[in-house]
Structure formats: structure tokens, C-alpha cells
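Two complexes follow with chain A in common, the first pairing it with chain B and the second with chain C.
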Partner chain A sequence: MFSNALIKEFKAIVGKQNVLQKEADRQAYAYDAAVLDPVVPAMAVCPTTSEELGKVVRLCNENGIPLTPRGSGTNLSGGTIPEKKGIVLLTNALNKIIEINAQDLYAVIQPGVVTAQFAAEVARHGLFYPPDPGSMAVSTLGGNVAENAGGLRGLKYGVTKDYVMGVDFFDVTGELVKSGSRTVKCVTGLNLSALQVASEGILGVFNEIVLKLVPPPAANKAMMAVFDDIDKASETVAAIIAAHIVPCTLEILDNSTIKYVEDYTRAGMPVTAQAILLIEVDGHPAQVAEEAEKVVSICKTAGAVDVQAARDEAERNKLWEARRAALPALARARPTTVLEDATVPRSQIPAMIRAINEIAKKHRLEVGTFGHAGDGNLHPTILCDKRDTREFERVEQAVDEIFDVALSLKGTLSGEHGIGLAKAKWLEKETSAATIAYARALKTAVDPKGILNPGKIIGG
Partner chain B sequence: MIDLHKLAAMLQELDDQMVTCMKCGMCQAVCPVFRETLREADVTRGKIALLENLAHEMVADAHGVQEKLNKCLLCGSCQANCPSGVTVIDIFIKARIIVNSYLGLPAAKKVIFKGMLTRPRLFNALVAMGEKFQGLFSRPADELLGSSCSKVMSPLIGDRHFLPLAEKPLRMRVPELNTPAGRSGLKVAFFPGCVIDKMLPRIGEAVLKVLDYHGVGVYLPPAQACCGIPAVSSGDSESFEKLVRLNARAFARGEFDYLVTACATCTATIKEIWPKFMDAYPPGVQTMVRKLADKTMDINQFLVDRVGVRSQPAPTGGRRVTYHDPCHLKKSLGVSAQPRTLLQANPAFNFVEMNEADQCCGNGGTFNLQHYAVSKKIGDRKRGNILASKAEVVATGCPACMMQMTDMLSQHGDRVQVCHPVEIYAQALK
Partner chain C sequence: MFSNALIKEFKAIVGKQNVLQKEADRQAYAYDAAVLDPVVPAMAVCPTTSEELGKVVRLCNENGIPLTPRGSGTNLSGGTIPEKKGIVLLTNALNKIIEINAQDLYAVIQPGVVTAQFAAEVARHGLFYPPDPGSMAVSTLGGNVAENAGGLRGLKYGVTKDYVMGVDFFDVTGELVKSGSRTVKCVTGLNLSALQVASEGILGVFNEIVLKLVPPPAANKAMMAVFDDIDKASETVAAIIAAHIVPCTLEILDNSTIKYVEDYTRAGMPVTAQAILLIEVDGHPAQVAEEAEKVVSICKTAGAVDVQAARDEAERNKLWEARRAALPALARARPTTVLEDATVPRSQIPAMIRAINEIAKKHRLEVGTFGHAGDGNLHPTILCDKRDTREFERVEQAVDEIFDVALSLKGTLSGEHGIGLAKAKWLEKETSAATIAYARALKTAVDPKGILNPGKIIGG
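What follows is the complex of A and B.
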């Protein structure tokens, strides 16, 4: 699709072996983890140094080639589905941890570093990087920043944005823009680093990222509370926070999810329960002991039929295994799994779950809901078969209605999966025409030709 | 000219299995090939996307898909780690049969599978001849490891350090056996497999010594053939079927409780792959294949779980031994504790765990021949972990892994011996 001269230029920058032109290679970059139609790019390019990265961006801009940066492609909203006349810019090989500074509590990394590998390396230095998206075993930190990825520890520790101290990025002309700092406080200039977070690659291509690190908690305690009424479970979430306890993790599994988890794991889950809460508190050992005791008491007062606290690491692992098994258990039930992340204020969780179940019933769909109850981030997971076009139409209608309800409850379209292609049409509904216009003006100002990840967030 | 429409229709048989892949990408975390190449088409998610596209005629380059499909170790790491439970190995083997049989096997594979493997007598004769002449083309490389390397530049061998053909294969040392069950009350059939028979007969001898020590009767029929894995993983179902039938016939006359092998790959093939492709066989052969599959057991597992070999309370000797988990043994069959128990049953050895013991060594059978550069990178990582354990001996339950580790260690002149756990255990027996 490109002229031979242009392909030669790409090869001159990154080397012949890092320009993927064959159909079978290109087809493998046509999708991400979202259930959306694939789009095959014209080429995939894999720079291995910062210098190459900048040059590739410049070459694309000079030649009007759409460019989609891609880490591991674990997006759930189509953020890395490319433009067919463009290139996919692979960042996997830019995977160096440049610095871990234990004194000043920060790290400098390249965008292709895998999240779990980074967290493990940081732990070897006696430090802690809290954001833990479900895909962290493979997702890249560049992708986490671009999507503002969340995770199970969001309630107490926040999400990726809370750890980004600086982002150096290439603008569309290939110039390196530096933003942020290695200091805890920095109010110099516009906060361009913050602008890059959740930008999904439409405003720049990340070169280096400075991430905040924290000391690890000294102790933790996990608990499981079982409820025969999902409203009581939700009320318990509010009661825990009202008691000024902020667990690091506070997860909910609905009845349908519990049943599938038990079917899959045979771990003795309470299949008749309408909901379970999985709660973990962490911090100083004395504080953990006190908070755990209070949590148990709050759960019982709020109507939990059973509360179990893990007595050791093995029991703690057993509880979290149940949570970790939620997606695999649901995914095995039907061929296609549509995992959404409608998010509402905590107090609206019962209303949201009720609405999800009503919508599922109306459209004759099976749905399991689990998620981060502590921060209102639910994952209604619709089980279907995408090959059944009639069923899939009903799925799409159901998803639309779930978003409608989330917005009517003062929630948001996405808690942690991003907007990408899948939710771009909804953005104006949550924000406003003026907001979109402002975002588009910004995009046009920094990327007049629309080179950087076209079609994402604010549409085409 | 390829009829893509026909090929697509054939691949659609796999639709129900492939559609369960939700493209989450978790396979990237464990794929040894992806870790080295970082290319999406080299990981399971990419390969399934390509196969789906071929099945729905969204890709025209069938040979390109074939090339990607074959670039897989079939180690099963992705399947063991897949949240959706995608039956990857099943899909890939069936897809290779469809794609490779449709597009054709490379000439060399045709000669090897159809001309040699399926004719065990000819195969054995050629190997015997090869043994006589191997000295002309190869020279010893490492005495400790017993490896050789090529004397002359050869594109087939390259800079590999390989195990030479044994002067006397196992089948010539022990042509056949049919001994009654002794004090254990158990009798096993023994399937040595090609590598043990032709390159590492010392493992076969160790197996027979251990079985004799524990009073286990042995049935070793003379007319055994290859288990068929090289053929079926290359998509040659015809040769595979022939080999399964030959073996079924060879074992049909024996009475035994278990069929044991000392090769992880042979065990996984007989136990898991043989029954998957038996629809075309006559009912009698089907029954025999099912019976053999049900009775098949890894030697480590047999000795620990059935015979009752236990580890010593503490080592008395100072020889450090570490263990590499073959993919077929741990990821396919769930056998990982038993070989370690066997190693710890010899008090002269001190067992140490290596890092990433269950990471693939990179051999992957024909993968090693087709993609040696990647295979070597994966193998070098394994070598690094072996050396870091400071072990003098590395043991593993798969002769193919032994070949790969020998190559990696020998090329660097490392002073680490490569053994099978049953050899270490046999040394402890008087």
C-alpha cells in the first residue's frame, strides 16, 4: 500500500526485520481484546530505540500515514484497533526499566515494560507499584498510562493516573516533549503529563514515563462476607467507608458469577448467596488487626449471613482465587464474553446491578456481574456467541441500555477500560457538545493531519 | 493453485473451538517463542486469529498462515494459562493436519515420515548404517555430556552439539522381554521411544534395572514403532495413523497393568493424542488404542505413585542435582512432584530447585530443526537457570529436552551433566 521508497525509509530507520509487511503478520495486529470488527493495518513497525521511535512518528506525519501505537493489545474498548491505511507502531521492544530510585520513590521506564514485570522488579527493591489491572501479566505500562488502567486496589491506592509523575512523548512531528518531573511537587507549566494519561495515543507517542512508587504495606488481612440480599452487600460497602475504613480492595461477586465460579473451581463457594464481598485491609499490623475486626463487625451488623477472615496466607490466597476465577469461570460458559465496565457512585451499586439484571432479562441474555464495589466500578459480563447475529444484536442493545442507566445514576461510561472506538459515540452523552469540541480543537492543534490513533475517543 | 474456499471449509470444523478465544492476550505471558520474538503472529492469540481469518476467507496468504502455525513449540504453556480454557494444542494439531495436508508437506518431511518412520525395520537399518558412518561427519565435542558436533559445515546441523547414535541401540541390547510380575504384583509394558532406543539406551537400561529391583514384570515387544508425534505435529495424519496401528499391534498380545515410558513426549502422545484421532480406525484398533492410552503412565509417576518409591529424609552426598520440567510432563500430564521425589530418593544427591524450572527448553521436536535461532535463545535462558542453580547434574523426564540442554551446555563447555531422573535413582540401587 505504501511506495517502495517509503517502505525503504521505514526499513532504514528500524531495520528490515522490524518492518512487518506480510499479510499474515499484519493480520495479527488487526484486533485487541475488545469484541469489535478487526481492521488490518498496512504495516506494522517495531522501533527498538527512542531515536527510531521519534523518526517513525516524524515519517508518518510527513507522509500522512495514520499511526496506532500498540503495547500488548489488551484493550477492551478498541483503543489499538488500527486504521487500515496506516501503521501499527509496536512498543514491545522499548521495554527497559531505566531507573528505580528507592530514595526519591520513583522509576523511569520505557512504554513497552510489562506491568507485572515492573511490579516484581520494584518489589525486589523493597518498594510497591500499586496499579494492578487484570491483564497486568501482559499489559504494558505505556498502555496502562494511555488507557489510565485501574485494578483491584483502586479504592485505596487509586489508578494509573495517580502514579504518573511525568511523561516524555514525541509530538506528531517527532519532536520530544518533556513534561512533569521527578519531584513530588511540580506545578511548572501546563500539566501536559496529566493530559497524556487516558489520551489513548491521540495526542502523542510515549517515550519515557516517570512513575511514583510507594512503600509496601507491612501487613494485610482478607475477608469474605456472604449475603442473601445484594442490597445488604451494597449497604455494607457504604458502611465500611462511612466508618472511615478504606480497604485496599473491596470486590463484589453476584449470584450468577458465584455459581459459575463454583462450577469451575469446586472450591465450596456459597452458591445460594445473592452476593459476596471480598475485602482486604492493609497497612501497619496493629491498624490492620483493628480495621479487620471492625470490618467483620460492620458486615455482620449490615446483615451478612457469614463472614470468614483468612487466618493465614493460604486462606487469603483461597479467597482471592475465587475473585481471580470470576472471569475465567464466566468466559468458559459461552463462546463470547462481553466484559463492560460501567461505573457508578458507590451508593448506586444496588440500583445498577438491579438494572443490569432487568436489562439482561428483557433481552434474554445471560449476565454475571462482578467488580470493584469499593469504587463503583462494575463489570457486567454478558455471555453470548458473537456468531449468532440475532443474539449479538440483543447484546449490543443491552450494552447501550446499561450505559444509559449508568449515566442516569450519575455514573460514567468507563471506569478503567477507556473509550477507544467502542464508546466514542457515547462520549457526548456523558460530557457535552462543548467538551467534545474543546477536545477536538486540542487534537487538531497538536495533530492537524489526524495522524495519531485516528478515530479513538472523539471519533473520526 | 490453492482452492482457498475448500481449505476454508475444512478449517471451519475448528470454529467452535477457536471462537472461545476471547483475544485477551494472556498467552503472551507464558509463550516462550513470543518472549523471544515479541511478534503477535508468534503467540497463540495471533495464530488463532489467523486461522479464523483463513477459515472465513479473510486472508489470501495460506502459506503465510501455515508458516506462522508451524512456528509453535506445542509446549502447551498457553493452554495451561488460558482463562477461557481454549483447547490450543488440539486446535493447532488439527489445523496443522488440515493446512499442511492441503498445502503439502515439505519434501524432507515426506521422506522421513512416509519413507522411514512408518517402516521401523528400514528406519532401524538406516540408523544402524548411520551409526557406522557418523564418525566421518562428526567428532566428539564434550566427553562429560557425550555430545558430538559436525566436522563439516552442514546446513542441517549447523553449530549444534548433538547426541550421537548409540553403538548398540536398546532394541539390540534387549530385543524383547516378557517377565512375570514379581514381589510388587505389577507388570508393565515398556515403550522406550526412538530417542532412548537409538541415542540414550542407558535410560532404557536404567528403567529395566529399576523395574527388576522393585519386582515389576516387564513386557517389551520387539516390533515397536515411533509414537507418531513428529508426524502428527507436522500435519501428516496418514503416517501418524500407520504408526499408531503398528504400535497397537505390537502391544496387543501382552498382558500388563500399565504401559510405561521414560519419555514425556511419548507418554503425552499415547495418552492424549492417540485417542483424539482414532475415529478412522476399525473398532478393534479403537479399543486397543483406548486401552493403551488409559494404561499409559510416565515412569517417574509409576515408580512414585504405584511402586511407592519415597524420597530420603535428607541427602548424604554432595552432588547437586536440579530438575527441568518437560512441558509434556508438567503442563499436559500434571506430573512434576514425582521426578523430584525420585531424585531425592538417591541419598548421594542434593536436590536444588532451579528458577523457571517449568519454562520450556525450546526444543519442541521439529521446531528445533525449523527455527533453530529461536530455539537456541529459549534454550540459552534454560542454560542460564541451570548454571545459576550451581548444579553439577540437570535431570529431566524427556529425552528431547535432554538433547536440547546437552546442546546448550556443550556449546559453552559447561561442566553440567544431563540425566534422566530414573538414571539417578537407578544409581542408588545395588
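What follows is the complex of A and C.
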């Protein structure tokens, strides 16, 4: 597709072995974790240094070649689906942890560092990097920043954006833009780092990222509360927050999810329960003890039929493994798993869950709902088969209606999965035509040829 | 300066009484808290509703009239110095607290709400809004967001940007752009809210802001540690952080500042001390007790000659009043007070303080240094007389050198005071030509006529 001369230029920058043109390679980068049709790119390029990265970007811009940066491709919104005539720009070889500064509580990393490996390395320095997206075992930090990845600890610790102190990135011409700082406070210039977060690669290509670290909590306590009525479970969530307890994690699983998880893990989940809350508090040992006691009491008052606290690390791990099994367990049930991300102010969780179940019933769909109840971020997961076009039409109608309800409850389309290609068409409903025009004006200003991950978020 | 027809149009939008054309009014809005020459605007306009605000912006754009949004004008970088042929857009009448949602831990406000009044109202709802810039008694939240205001609690609680969940703003044509959400997590569209934070009014005019609230800490403990050597004080800061204690406030005052504060307040400060640290820990009572004990022990080990803990709220207030008196006390000494904002990674505080003192000596200037040692944000304050041109040249050289040292220590030009007009010329030194070009491209894209607070941050 590209001229031999052009391919030679790519090879001159990154080396022959890092220009991937084989059919199998191209196929491998044609899709991500979203339920969307694959698009096979012209080739994939894998720079191994900052310098090479900048040069690849410049070469693409000079030749009008669309580029899609990609870490591990775990995003759920099509953020890394490439263009047919474009390249996939792999960041996986840019995987150095450049600095972990325990005195000043920050780290500097390249975008291809794997999240879990980074978190482990930070822990070895006696510190804590809280963001824990579901895919952290394989996801890259560059991808986390590009998608503003969330996770289970969002309620207390926030999401990726809350840990980004600075981003140095290549503009479309391959020049280095510097934003943010290694300091806690920085107001030098426009907040370009924050604009890069959640920008899904449409505004620049990350070179180095400065991430905030925090001291780890001294203690934690995980609990499971079992309910025979999902309303009682969701009202418990509101009662915990009203008591001024901010758990680090506060998750909900509905009956359908519980059954699939038990079938998958045989972990001994109560399959007749209508809902389970998994709750963890952390912090100073005295605070943890006190808050755990209060949580148990709130759960019981709200009508939990059973409340169990993990007695040791093994029991705690078992609870969280069950939670992390929710998506893979549901995904086994049918050929297609449409994982949604509707998010509402947490007090609206009871209303949102009721609405999801009504919509599922109306469209004769099986939906398992689980998610981060504490921050209002639910993952209604529709189990279906995309090849059954009539069923899939009903799925699309259901998704539409789920979004409508979320917005009517003052919520948002996407809590943590991004807009990508999958949700771009709904964006105006939540914002306004002027909002999209404003975003498009910014995009066009910094990428006049439109080569940076085209089509994501704002279309075009 | 404006035609009668145009003035009539402004009056038709906001009412006659809200178009301020008198000389005294115009003079009142010619300056802010920065040491810069005043610029008298053509007039000031004071909309009282969102609708009026949007219409004023549109009218300005249609007629190419520069507009400078202004709350209380307390910023220290010239961010609200208007254009001679422009208007000042007063936000003070847009001062409604639209919603405080205790269940979902957020508030929705208009930009003209005064920070301290908002914090007090939030406290009445049993919640906590942590950002506490020095000027909070009069500053507006719109101004805080535009400048990304910091304060004394930055170390543990972050700064204004960490509390902005959403910003609805008027684009230059007067259309409403919506960004962010009332939910903890939101990745719907580009993060335009975060871009508005610290943008000093050059990218849009705020309409409504959604702010995050948190439960208040259950207990706190304030302490004062006295040192006969400033190096020991700054090393104590590093030792506290290394012990994984994150105080909510960790302030330093040098000898010069202590003397001026004592002269001003007669609070009984130890005037022979070379440095004082003011430290407050907060959180669960057991944690506070334990951390306070550790802090006392760390201070003593590091060589503090005296450590006192506030025994009650009155003693605690006395400590913080002394700290808050630092700037007014220094400002009494000489006609001009050049308050700087150099910020370094906290481990570099000893080096930064030594450098400031050397620079002061070299240029024969009196400098009092105080600030947020815990987050590396120092306020070296040069006491001088701007009318003494030879002295002021030395001041400018000293400021240059202070910035050079901060950057060489991997710090930043401005921790919390903004760039405005005052520091625009240093911006490229910290970032790069490409960074400024990128920011200018964004600005031009959303404000083609350049009417939104011209000249701030990126010049032009």
C-alpha cells in the first residue's frame, strides 16, 4: 500500500525488524476489546526510543499517513482500531520505568510500561499507585492515560487522571511538547497534560509521563454483604457514603453475575442472592477497624441477609478474584459480550439498576450487571450473539435506552471505557453541538491533516 | 471609546445599572494583585444571569472587543489586567450556589461565589471543600478555577484542579460548551473542563462549575517546630514525608518572615529562630495522635530547638493566623512586595532556600521566604520599592535567577500563582517553543479574533 521508498524510510528510523508488514501481524492489530468490526492496518511500526517515536510521527505527518498509537489494545471503545491506509504505532518497546522517586512521590515512565508491572515496582519502593483498571495485568500506562482508565479504587483514590502530573508528548510534526511537572503544584502554561488524558491519541503521541505516587494504606479490611433484594443493596451504598465512610472499593454484583461467576470459579458464592456488595476499607488500622464495624452494621440495618469479613489475606484475595472474574465469567455465556459503562451519581444507583432490568426484560435480553457502585459506575453486560442480527438490533436499542436513562439521572455515557469509535454517535446527546465543535476546533488546530488516530471521540 | 449604539446594546443585555463607565469604576478594575502597571478598561459589565453572560460574550466577539473576566482580582500574575479598548466582565453578580449534594458529594456553583463563603456553606452541610488559597476570604471560585488556585492544604488534599468535576462555559460565540459531569468518573469527550482549569480566561467564559466535596477529617492536630538553622527545618520536611506521613499542611517561615510577622501580630513568635515549621495532621483520631507523636519525634531528631503542639482550637487558630499574616506582614515593610512562587520537588527545598538566600545577598535585596514546604511551593518575597529603578533592576535579575535555580532543580516557574502577564516571558525556558506553539494553536482555534483575555499565559 505504501511505496517502497516510504517503507524504507520507516525502516531507516526504527530498523527493519520493527516494521511489521506480514498479514498475521496486521491482523493482530486490527481490533481491540470493543465489539466492533476489525480494520486491518497497512502495517505496524514499533519504535524503541523516544527519538524514533518522534521521527515516526513526523514521517507520518509529512506523508499524510494516519497513525493509531497502541499499547495492549485492551480498551473497550474502539480507541485503537486503526485506519486501513494507516499504521499502528506500537508503544510496547517504550517500556522503561525511567525514575521512581520515593522522596518526592512521583515516577517517570515511558508509555509502554505495563500497569501491573509498574504497580508492583512501585510497591517494591514501599509506595502505592492506586489506579487498577480491569485489564491492568496487560494494559499499558500510555493506554491508561489515553483512556483515563478507572478501576475498582476510583471512589477513594480517583482514576488515572488524578495521578498524571505531567505528559511530554510529540505534536503531529514530531516536536516535543512539555507539560506539567515533577512538583505537586504547577500552573505553568495551559494544562496540556490534562487535555492529553482521555484524548485517545487524537491530540499527540505520548513520550514520557510523570505519575503521582502515594504512601500505601497501613491496613485494609474486605467484606461481603449478601442481599435478597437488589434495592436493599443499592440503598446500602448510599447509606455507607452518608455515614462519611469512603471505602477504597465498593462493588456490586447482581444475581445473574453471581451465578455466572460461581459457575466459572466455584468460589462458593451464594447463587440465590439477588445482589452482593464487596466492600473494602483501608487506612490507619484504628480507622479500618472502626469503619469495618460501621459498614457491617449499616449492611445489617439495610437488610443484608449475611455479612462476612475476610479474616486474612487469602480470604480477601478470594473475594477480589471473584469480582475480577465477573467479566470473563459473563463473557463465557454467549458469543458476544456488550459491556456497557453507564455512570450515574451514586444516589441514583437504585433507579439505574431498576431501569436496566426493565430495559433487559422489554427487549428480551440477558443482562448481568456489576460494577463500581460506590462511584456510580455500573457495567450492565448484555450477553448476546452479534451474528443474530435481529437480536443485535434489540441490543442496540437497549444500549440507547440505557444511555437515555443514565443522562436523565444526571449521569454520563461513559465512566471509564472511553468514547472511541463505539460511542461517538451519542456524544452530542450528553453535551451539545457547540461542545463537539469546540473539541473539533482544538483537534484540527493541532492536527490539520487529521492523521492522529482519526475518527475517535469526535468522529471526523 | 465605544459607539453609543454599542453601549446601548450592552445596556439592553445587562441593564443600565450594570454597565459601569465612570472613571472611578474603570480605575477600580485597572489592576490586580500583581506588581504590574494598571491598564484602564473602556468599561466594566456585570451580567446577573447566565443568559446575560452568554449574550455579553457574543456581543464582544461580534464587535471584536477584548474581554477580561474578573472575580475579585486577587491573582498575583496579572491575569485580570484588562485591555485599554476592552471590557472587564465582572462575575460577582453570578454568585449562586446552585446545589450542594451531600449524598453524591458535589456542588454546582456560579463563578462569582466567594471561596470562603462556599467553604462555610459546605461545612454547614457537614462536608469539606479543601482548597484554601491565601485570598479565599474574598477570592471567587471562578477565579480559583481560572488560576488553578492552591493553598495550604495542597500536600494532602491537592489544589483546585483536583476538585473540578465539570465546567460549563461559553465559547467565544456565546454558545454553551458542556464538559465533565456530576459523577466521580467521566470520560465522555475530550477533557475540556481540565483544559479550562488554569486557562486564565483565554479559552472560554465559565458559566457553571461542578466541584467535588469530601467528608471532613474527624480530628486534627497543629504543631510548631522551631529551628536555629533553616537547613535543619527543610531536612525535617523530607524526613516527615519519608516516614509516609502526609500532613494536611506543612509550612515554613524563615527568620526574616518570622520577625515581620511578630512585629505585625505580636503573637509571641520566636524572633531569633532561623526557621519555623507549622505542621498539621488530620484524619481519624487514632491516626492523628500517632502521626502527631511521630512528627514531634522527627522534628526533635532533626534538631528542632522547640516543638509545641496546639492544645486547643484557639491555639491552633493562633498558629494559622500567624502563617496567614506572613504576606501582609512582609508587605508592610517596603512600598513594593514582589511575591514569587518558585516550586521544586520537595526534596530540593534545602537547595532552593540556600539558593534564594545567596541570590538575595548577591543583589543586596531583602527577601523573606515562606510557603508550602510540604509540596515544594515556596514564596520568596522581595521587599523593595518599584520607584527605585536601580533597585528594581536588581529585583528583576534576582527573579530571573530564582527561576533558573528552580528549573535546574526540576521545579517549575509557578506553583499556584499563574503565568498571566507577569511570567509569560519565562514560559519557553521551562517548556519549549513547540509547547507554546501548541497552546497558541489551541487558543487561536477557539478564539480566532483573540478577544478572550488577550495576552495572558502565551502572549499574543
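Here is the rule we use: the second predicted complex is superposed on the first by the 460 of 460 C-alpha atoms of A that agree within 3 Å, B and C clash if a C-alpha of one lies under 4 Å from a C-alpha of the other, contacts with A are read in each partner's own complex, and residues count from 1 in each chain.
By our rule, contacts are C-beta pairs under 8 Å (C-beta built on N, C-alpha and C of every residue); 3 or more make two chains touch, one makes a residue touch a chain.
In this text, all values refer to a predicted model and were calculated from it rather than measured experimentally.
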>> Contacts for A:Phe10 in the overlay, against chain B (first) and chain C (second): which applies, first, second, both or neither?
In response: neither
> Which of the two partners, first being chain B and second being chain C, lies in contact with A:Leu90: first, second, both, or neither?
Replying inline: first
> Where does A:Ile419 make contact in the superposed view: on chain B (first), on chain C (second), on both, or on neither?
Replying inline: second
> Where does A:Tyr157 make contact in the superposed view: on chain B (first), on chain C (second), on both, or on neither?
Replying inline: neither
>> After the superposition on A, what does A:Phe206 contact: first (chain B), second (chain C), both or neither?
In response: neither
> For A:Thr74, is the partner it touches chain B (first), chain C (second), both, or none of the two (neither)?
Replying inline: first
> Taking the superposition as given, does A:Phe370 touch the first partner, chain B, the second, chain C, both, or neither?
Replying inline: neither
> Which of the two partners, first being chain B and second being chain C, lies in contact with A:Tyr260: first, second, both, or neither?
Replying inline: neither
> Is it chain B or chain C that touches the larger share of residues in chain A?
Replying inline: C
> chain A residues touched by both chain B and chain C?
Replying inline: none
> For chain B, which residues count as touching chain A in their complex?
Replying inline: 15-16, 19-20, 22-26, 28-29, 38-41, 46, 49-50, 53, 58-61, 64-65, 67-68, 83-85
> In their complex, what parts of chain C are in touch with chain A?
Replying inline: 101-106, 126, 147-148, 150, 154-155, 158-159, 161-162, 171, 173, 175-179, 181-192, 194-195, 197-199, 203-204, 214-216, 238, 241-242, 244-246, 283-287, 290, 343-347, 372, 375-377, 410-419, 423, 427, 430-439, 441-442, 444-446, 457-458
> Touching chain B in the complex: which residues of chain A?
Replying inline: 20, 22-25, 27-33, 35, 38, 46, 72-74, 90, 92-93, 114, 116, 135, 137-138, 327-328, 331-332, 335-337, 385-387
